[in-house]
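Below you'll find a set of structures to go through.
In the two complexes that follow, chain A is the common piece, with chain B as its partner first and chain C second.
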Partner chain A sequence: MKKMWLIGVNTFRESIRKKTLYIILIFALIVIGASKLFSFLTAEEELKMIKDVSFSAIEFFGALIAIFASLAAISTEIERRTIYTLLTKPIRRSDFVIGKFFGVSMIIFVNFILATAFFIGLLIFKKSPPNMDVFKTLLLIFFELILIGGITLALGTFTSDAFNIICSFFLYIVGHLTSYGKQLIERTENIIVKGLADMLYTLVPNYENFNIRDKIVVGLNVSWGYVGYTIAYGILYMCVALFIALYFFEKREI
Partner chain B sequence: MAIIETKQLTKHYILGKKKVVVGLENVDLEINQGEIFGILGPNGSGKTTCLKLLLGILFPTSGEANIMGKPPYDIEMKQHVGFLPENPYYYDYLNGPELLRFYASLYSMDSDKADKRIEELLELVELKDAKRLALRHYSKGMLERIGLAASLINDPEILILDEPTTGLDPIGCRDTRNLLLRLKEQGKTILLSSHFLSEVERVCDRIAIFHRGHLLATGTLDGLNKQYQAENLEDLFVKTICAFDTEFAAKTGERK
Partner chain C sequence: MRRKGYKYFLAIVLCFVGIHLVQIQIDYRKKLENLESALVLMPGQVAGSLILGGFKGLAADLLWLQMESYWHSGQHYKILPLLQAISWLQPSYILVWTIGGWHMAYNIYAEVKTPEEKQYWYEQGIKFLKKGLSYPFNANKYDIYFELGWTYYHKGKDYPNAVKYLEKAIKYPHPDYVDDVLAHAYEKNGQIDKAIKQWEFVRDNYVGFFDVATRMINDLKTKGKATP
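For the complex of A and B:
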């Protein structure tokens, strides 16, 4: 337990020292900041704009951070061979994987909090302090980011850096198109295609579930039940990803 | 009793459907407590493969490897082992003391003890003046030295070193040699690999000669020289390897 923590903290420290993630964070802050430049809008429309742009920026740049941090955590550690010095210490391979997951989650969390604080500061400055709906949206975005990180981490236990990046981004895009996919599936007649598509639909992480910002921004209500259900879905999916990571990493030759 | 042991240890790297590279083939080794044992062989002879199998970084195709009677994945055994990889890479955003402290924590050392040990080791490998320098600014020799310090952080009973002198200048080589001899006096067991004959000649009690993944000969230097009627290690090295290659060529020739 202690050793997972140590590995996690070291991973987090690496992200701070290496500074590559700062650039992504700075981009996120710039985009959030820029959203208030639309001063030709009415106050109400401007607020909508700020929320819409900020939610999207926190989600998109957060996803970039999650993917790159997770990539560095396992794939790069293997590619740079620093892992030899770790796995020859008295630690289990499972300590390593779960420790890395801890570390990546910390990185995601801190960057998320920084971007969110900036956004909330902006809302307060615009005399519209965040309400429960804003909180719900952010909560779901956070769990989505953790899930994205977990999936990239799992892929890293059995693929190369390059393949992992491609796969992670592919899943990120497809995972957001699932509702279109669902409609397409319903319209297909061919049973085999339908079966395959259904399978794909179930396997691909349904990131779009975590997206309630379109509704929130226009003032629609999203129930706590839905939020809770989606978080449970995220955690379940992440556990599966972690089990896959543990399974493959146990057998991985380096 | 042997403290490190391999039995018919074999590693085939599967690269494709029909492409298999022999990393190691039926190697039996026994390394005794308190000796310095050198694995000697040309590049690509399987030295690194053998050490990685012992440490559980690779898994054997067949056969087995043991350290202190424990399999390579045993956590308790690793507590007593130190390892220096070939051309070591470290977390280059850390400085020397930070790196050593991180490794010390993985051995569950308490922090007072770790701090003392880190001071000692930095003194020992002469990196005391570079305390605040991040590892990415280290020279190759400095990396090799911090690596040596890292492999000693837990005061290991067994030290496994993969080509410990490759990046070092002559003075660094001499210092490392003296350090190894001192560790031996303290009763440590040292297993090292090298392709520098003179290095091995000067420190090792016993040697093993590897070639193309096969163990060609093992024993004390004097014993082997007598057995193969060789004048010195170089002569011995060339003789065993040439003999193997001739036999190897004959065999593969037959098959064709």
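For the complex of A and C:
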């Protein structure tokens, strides 16, 4: 456990030295701050736009940070050949992969907290302090980002960086469209197609589960039960990503 | 290594079984809590949705800003496709339905010349509002019921329908003026007893309406008519 923690902390330290992540974070803060420019609208419309823009910015830029941080986590070690030194020490490959996942999660967490604090500050400034629904939305966005990071890390154990980026973005888009795909599945009468599509519906990460912001900004309620199941979904999918990462990293010849 | 590979494979399969079961629960709760996306994808819309990904709300906001700009420049007809697009992207945004219905039944109505055209846009406004009500998450709020009731009452002089929708509006949390309009609608619909009862309710519950409600009750009791 201590080894995993040390690898995680080291990954975090390495990442915070990278300027790319700061630039993405600054962009996120600018976009969130810019939502204040909607003051020419009525109070209700303005608040909706602030929330829409902020949630979207936290998620989108958070996803960029998750993908780029995870992408670099393993491949940089291989490129710099530091991994050879590491693996000669009494460190199991599984400790290395899980440690890297911890490190990436820490980076995502810190960036997420900074963007969220800025957003909450903006809401308080607008005299509309966040309610529990805002926190539910943020909680699900955070788990989505961690899942994106986990999947990118898993892909990084057996693909090149370029292919990993394409795959991660592709999964990000497709993962948000699975709910619509399900509507089409329900209309299909061919049993084989339906079966295959149902299987795909389970296999592809359903990021749309985590997306409740469209409902929250217009005042609809989301139960803790839904939030709980979605978090359970996220954790299970993270386990899948980690098992895939462990399998391929242990098989890899280094 | 091979044995370890089987272990991972088994763990992944078990996780997917769990994911499948949890997803069934999530889908059930989405239906229960009206969290499902109301978007129905048509072949031509897939590309647009692909670009939007999970950012439908943001796209709706950008269109709303565009609508504001058309509004301020008096380009009323250009607002119509934007209203349709926003209501498609975010049907739970109740303001798009109420403003859209009002825009058609009042603004466009005022802009067209012939009575046939006016009747057409009045009906379009009503139709748009009713479409908004067809979404279950909008049907348990007063907003669209009130807008329908008001449009029937004020623009259409269709008092039976006005009463029907205003009565539905007051079943949900609502501001005081909804009760006030319902009292007027009862009177115009010839339901004087109900109008008096409704004014008594308004008088007893809303301090700001005390004088008006008292005067209305007196007029209705003495003259049988209160609303000009």
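Following the convention adopted for this analysis, the second predicted complex is superposed on the first by the 252 of 254 C-alpha atoms of A that agree within 3 Å, B and C clash if a C-alpha of one lies under 4 Å from a C-alpha of the other, contacts with A are read in each partner's own complex, and residues count from 1 in each chain.
Note that in this section a residue touches a chain if its C-beta (ideal position, glycine included) is under 8 Å from a C-beta of that chain, and two chains touch if they have at least 3 such contacts.
Worth saying up front: this structure is predicted, and the values here are computed from it rather than measured.
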Chain A as common anchor, with chain B and chain C clashing or fitting: fit
Partner chain(s) touched by A:Ile58 [first = chain B, second = chain C, both, neither]: neither
Contacts of A:Arg81 with chain B and chain C, given as first, second, both or neither: first
Degrees between the directions from chain A toward chain B and toward chain C, using C-alpha centres, nearest 10: 170
When both partners are placed on the shared chain, which of chain B and chain C touches more of chain A: C
Touching partner for A:Lys215 - first (chain B), second (chain C), both, neither: second
Contacts of A:Tyr233 with chain B and chain C, given as first, second, both or neither: second
Partner chain(s) touched by A:Thr202 [first = chain B, second = chain C, both, neither]: second
First, second, both or neither for A:Glu14, with chain B first and chain C second: first
Superposed arrangement (fit on chain A Cα atoms) - minimum chain B/chain C Cα distance in Å: 11
Residues on chain A lying within both footprints (that of chain B and that of chain C): 251
Touching residues on chain C, where the partner in the complex is chain A: 1, 4-5, 8-9, 11-12, 15-16, 18-20, 22-23, 25-27, 29-30, 33-37, 39-41, 49-50, 53-58, 60-61, 64-65, 68, 90, 92-95, 137
Partner chain B, residues of chain A touching it in the complex: 2-3, 6, 10, 13-14, 17-18, 80-82, 84-92, 251, 253-254
Sites on chain B touched by chain A in the complex: 55-59, 75-76, 78-79, 81, 83, 85, 88-91, 93-94, 102-103, 105-108, 150
Parts of chain A lying in touch with chain C, wherever the complex brings them together: 38, 40-41, 44-45, 48-49, 52-53, 55-56, 59-60, 172-173, 176-177, 179-180, 182-184, 201-203, 206-209, 211-215, 217-218, 220-223, 225-226, 229-230, 232-233, 236-237, 239-240, 243-244, 246-247, 250-251
